[in-house]
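Following are the structures in question.
You will see two complexes here that share chain A, one where it goes with chain B and one where it goes with chain C.
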Partner chain A sequence: MRTAAERRAMLTNSVLLAVLQRTCNTCPVRGIKTSAVYLKNRRAAIPKRSAAGNHGILYEKATAPHHLGVRKGWLTWNTSNLYGESRSSETALEDAYIRKLLSELMGVNDYIIKRKYNVITVSAAIPPRKGYNLLFFQIGFAEEFLTTVLQCPVKVDFIVRGTEDLPVLRYI
Partner chain B sequence: MIFCSTRFHRHVSVKLPASIRWREKLAGHYEEDIPFFTQEELSAPKAVETVNPPNKVPRDELSILQALNSTVEIDWTAPRYDMIDHPKAAPFHPVPVKKNELSKAAGKAAARWFLSNNKNVMRFNAAEPPIKEFHYKSFEPGFIGVALRQLKQPENYGKVKHIIANTKNKSGNPLIHPDRFEEEIKGFIEHRQYKNAFTMFKIYQYCAVASAEDQPEGFRPISQECFNRLLDAMALHTGHDPLRVPKDPSEIYYGFRGVSPFYDGKKWKQTNAAHFVFENMPEKNAWAYNSMLMGMLTHKAYDEAQTWVTAMRDKNIPVELECYNGLIDCIQEKSDLAWEMVKKLLQEMAKADVRPNLITFNNALRVLVNSKDKLVIQHIDELLGEMKAMDIEPSLATWDACLVHVYLKKGSKDIGYLKKIFDSYIKGRQFLIRDPEDFQFFTTAMNSAYLSNSLTLANEINETVEIGKNHYLLGNQKNTIKYYYSYFDLLLKHETIDVLMEFYVKYSPYRFVLNAYVVAKLLTAVKDQQSGFQHILRLLEDARTVFPRTFDVPLLALKIVKDKAMKKNCNSKMRWICANVGWEVLDWYDIGRSHGLYSLSVEQIGSDIVSDCLFLLLNNSMKDVRRSWPALQIGMEVQAQTGKKLRESVVEKMGRACIVAEEPKFATECLDFMYNNKCLGTAKMAEAVLELRKEEDDDEFPPKEKEKVQAILKQTKQWTHASRHLLNESEKGVKKQEYRLK
Partner chain C sequence: MACNMRVCQFNNIFSSTPTLKRVGTCVPRRSVRTVPRKIGIAHKLQLKDERGDQFKPEKKPLLRDILAPPVGPGIIEETRKSKPPLEKVDIAKTLTRADVIGLMQESPTSAERMSNDKDWTKVWPTAATFNWTKFPVSVTQGVKVMKRDNPRMFEKDVSLELMKIPNFLHLTDAHLDKHCNALQKYLSKWPSELSSSLAIAQHFPVEIITEDYVRSSPSIREPKSRIVTLKVRVGSLQLNARARDKLIRLAKDRYNAKTDLLTIVGDRCPRRKQNEDYVKYLLTALYMECRKVQEWEEDVKEEDVTKYRWDLSSSRKQLKKIKPDLQDTAEEIQQYKEVLAELHETESQELYDKYRESVIKVLGIKAASSGS
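Moving on to the complex of A and B:
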């Protein structure tokens, strides 16, 4: 973490920049751009670093796509897309169903769904809370509901991470 | 957190397999010590054993499922690790564990309720994937109900044949087969669909009563055996299905709502299904009477049961053993008549050649103990002698009843009776459950050992609980907590703090519950005894995890530690412990304060708490200012909030510590704080600061700051107690004037 003095210095820089931008925008020149078209090939899904270094990112966005499978795993683990395997569409639909249901129930969007034999395990990082009774109620509800609807044992596991508002992994 | 690391990572000794290469390496050095296989041994022919394969066991279709079911078992007494992987969410105390488990069970029940109420919305079949062995084919209850509703209407009297022929499936097949009533009813009972069985029986009754012309073709009356089975089912369940949402095992363990999973809370009525079946039976035999009696006793209709028994006596119908057991159990007489009633029933059993069993005697003992008879001990001896004569081995519940009478009711303090029972029947043995009340024995035994104040016997009882699976017999959570509390209280009276802590580490948190009372007792034990001062840290950490919202325990700990630190014999190690305790309490207080957890009374003494902690930190080492500086910062915040000043001596000591440690920046800040607080030692402090920063440049010690310090020195040189008092008064006056002006 940066010290308070460093942060203050960075903040003043950013304020100055903002003032400069405002002065540029108020110029009478507008509408026409004389510079060449800048078609830079930007990589997707890499979040931009903030000036103050206080922009929190979640687990899902913490690693870039080209690190997928190196630093971080996938969000779904199953073998239905392999050669000769069946029901790939069903698994995709079920996964979407699980994601939709749990995001409505818990308020967290990123879930890892893993299938092994006939067991589905759903896991996620959630923000810490004051009391955990409601969370356990939700876990019980989700497990029972999904086991009856999907007709196979479903387990729901959570890791508690981050601040009280969001499961922030780190700040950039 | 130190506490968490000890909990989650246990030391496990692992035996590593010795690899061949390692052996070869060692062989060069220690040829004689390590035994190797010689070549002769390896080449020697091995003895050939004859193998006798076992005979084939005949198995049916369900045997694999039954075998799989037998392998699964839940150990409810074991610690739970199915919590979320986080020290905050994985609770230390059994009470939040209980809360979490029950809320999980509640969530499951809610899901089941939601699914059962919205079957049409969801596109799934609960019976999929089908297992043929478990599936009952003629399960279409809705259509049967329609047929019954038609039969009930007075317009349709005399049209039974017509209605039964017309109740058809969607595909047009007939639903009710008049020749298969018996099989249908038996099938419904087998699959625990008692409501459907009863409706089917009602339809059967319409067919049976109908005239010869109106009776459907191929009608076959049901047998006596089928009647008996139907009556059994109706008497136990009174025509209702068993609970649709079965209870979760965790709900049973924690005694949620205190209701057994088999009793659904329904009342016995004269117009229920059992009475309907009984009245329509062609032959009312002894079986039928007895099953009706059992139904009344299970539904706690004791008055009706008594009248039923008198009716049976009048008709000379024999009563079964289980009914006798139930009748003894339902005696609620508490005067001297209780023994006579028991005696009468036992004599009746002897007349009718019904041999009593263990549960008969246990029930009789329980009735005796609950009554206020003066000769209970004599009657107990009589019953025990009777049991001996009949070769019935008494179970734990038998001894439990005896102990309850002697120790809990009579209040005896003689240990002889308990010791006699314990040494001759219980010591060093493993037990199985033979009576549902067996769960009570160990708790009552430990309680009576506590009442008679004998630690040796309590230790022996605890040793037997540790043998094999005896600890299962502690029963549910309530009983286990009771047991370990009484054991702990005994240890508190007699043992040293080290033994107490050994017990505490072994059994907490899952068997022995930690609460404010226990921690307070342990802390006072630490205070009174000379050894074991180091345990105070662990106790404080545990207490913090269990009840972070109450601040009684840390206040007590702070008081104890402060008394120790003030004494002359306080060595360096103890001072270190005191400082750690101070830091822990300060951290605890600060976090709770920022979240607004504490009451007003705790917040008002905040400055005292912080100054105590600061004193402990400085008492440990004056040079380690960087560690104690945050404590002063917290103190500043508390002072700004509450308006109460920190203790003057502690603030001055902090200033001295800053100069000893040669920290100029901290020293100047501390000087400012002292000046604002109007401490008497500010002048000395200002001099010391000027001396300390004498050789610094203008960049390090700017002239503005220097002038400020010098001004403070000038002002405060002549400060005395009296002048400070005047200053304070004048400040108050200024404030009052400002207020008036506003």
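Moving on to the complex of A and C:
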């Protein structure tokens, strides 16, 4: 016969063993690490492949961020991020605001925001649609609204594309 | 940025407009475009000729022809002879704005209509984002990474890459010529007296440096542009040795002994003009202060001076003891003084030899043969 103390010790050991085993089985990396997870196998802004391989992507999305300045250009052009210049955070926030507003308004995702002096020029390639009155309204609205909100002249320079549908670069 | 530009003979392609054939609602119009555009408005316009039939031009009507219909040769002219002329209908009044835009959409782009001798400076007068409808050359930009990548993506009418990059289409030779010609009348000849930098420094000893900043920001004001720097060569100021010494002492690290430049930086005031005035005031005040002689300046001693002065030195006292009759203006003493002052600046064997000779002369020692 075992004593009560022995039984208690056995129970504790078995529980501990079970917890340890479960941890080892479920944990992707065995052992304990105190350093931050490196995530070497994951990269940002790489589109995920679809199961059927029929998901079309455009050039902007197909080219990864580390190819910026090599295979594709920047969507934002300003001097804020140069050495010794101020208001880089404000510029980034304004850009995000402009993109958000215009993508909701126009249904187009990629906008090129160029800043020169105090003028912000927003350009985009807009598909040719039937409602040109609507397009003119959208341009006027965007210019007036952004100029009022950002307190500086904003020029909206939309160029109508040659084709209705944007050609897809590749299907993934 | 990889850029692939192929220049095709666009004028040969686009000058011969293909004849218009109506097949349903689609018109295959250009060889360049892969997807044909739909005819949106033209068929809705009830353009009728004199016989009351629908107006069917051989060529695709341009917008300007529709707004002001030409009196063409052929059938229309012949029928006019037999029938009385109809009332002129101002089509421009019957068109809505949307119709006009639709017609513009269907008509060839300005790049396609462009002739060979077109003035490019009028097409692209200022800096602008790339516009495919104005640029008459076939350009592509982008990198084809995979074999299956669609090359249509890189063409000028859909490529976003061409719109991203800052282009220099507003800075061609023709543009620069125009700029130069326009600026010519504001230029004057450079004065021949100021041919060298030395002459400029002589005529303009005071230099005032300010900086202007160009950047992208809602405010065009830059706080750093208020800073004014004044540079002046101390040698160009009319100062005696005492005043010069005083100025250098007062200026402290603002004076550079190597270049003999006095640099005063003004950045205290919020405006450039104020700083400029302040800097000029400082220079004036410094100059006037240096020219004043205070009472305490008279009893200056050897350890006070920055540069060796023989008249304050212990050497003079000793010499006075040995040779009390010798005047300071004597030739031997002048020579001795100069060599000693030089020896405080630099050292060389020649100087030591000179020093030796001068000492012998001053003390009146009958020298043994030199070099002993």
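As a convention for this text, the second predicted complex is superposed on the first by the 91 of 172 C-alpha atoms of A that agree within 3 Å, B and C clash if a C-alpha of one lies under 4 Å from a C-alpha of the other, contacts with A are read in each partner's own complex, and residues count from 1 in each chain.
Following the convention adopted for this analysis, contacts are C-beta pairs under 8 Å (C-beta built on N, C-alpha and C of every residue); 3 or more make two chains touch, one makes a residue touch a chain.
Just so it is clear, the model here is predicted, and its values are computed rather than measured.
When the shared chain is aligned, chain C comes close enough to touch A:Trp77, but chain B does not.
When the two structures are aligned on the shared chain, A:Lys116 is found in touch with chain C, with no touch to chain B.
By the document's definition of touching, of the two partners only chain C reaches A:Gly69; chain B does not. After overlaying the two complexes on the shared chain, residue contacts for A:Pro128 are found with chain B and with chain C alike. Judged by the touch definition given at the top, the superposed model places A:Thr148 against chain B, while chain C stays out of reach. Of the two partner chains placed by superposition, chain B and chain C are both touched by A:Ile159. Of the two partner chains, chain B is the only one touched by A:Ile139; chain C is not.
Of the two partner chains placed by the overlay, only chain C lies in contact with A:Leu58; chain B stays clear of it. Judged by the number of chain A residues each one touches, C leads among chain B and chain C. Across the two superposed structures, the residue set of chain A contacted by chain B and also by chain C is 128, 132-133, 151, 157, 159-160. Across the complex, chain C meets chain A through its residues 1-2, 33-35, 37, 40, 97-98, 101-102, 105, 127-129, 131-133, 142-143, 145-146, 148-150, 152-155, 157-161, 163-166, 214-220. Against chain A, the residues of chain B that register as touching in their complex are 84-86, 88-89, 91, 96, 99-101, 103-108, 110-112, 114-115, 122, 124, 126, 128-129. Against chain C, in their complex, chain A makes its touches with residues 58-60, 62-63, 69-75, 77-80, 85-87, 91, 110, 112, 114-118, 121, 123, 125, 128, 130, 132-133, 150-152, 157, 159-171.
Taken together, the chain A residues at the contact with chain B in this complex read 128, 132-145, 148-149, 151, 157-160.
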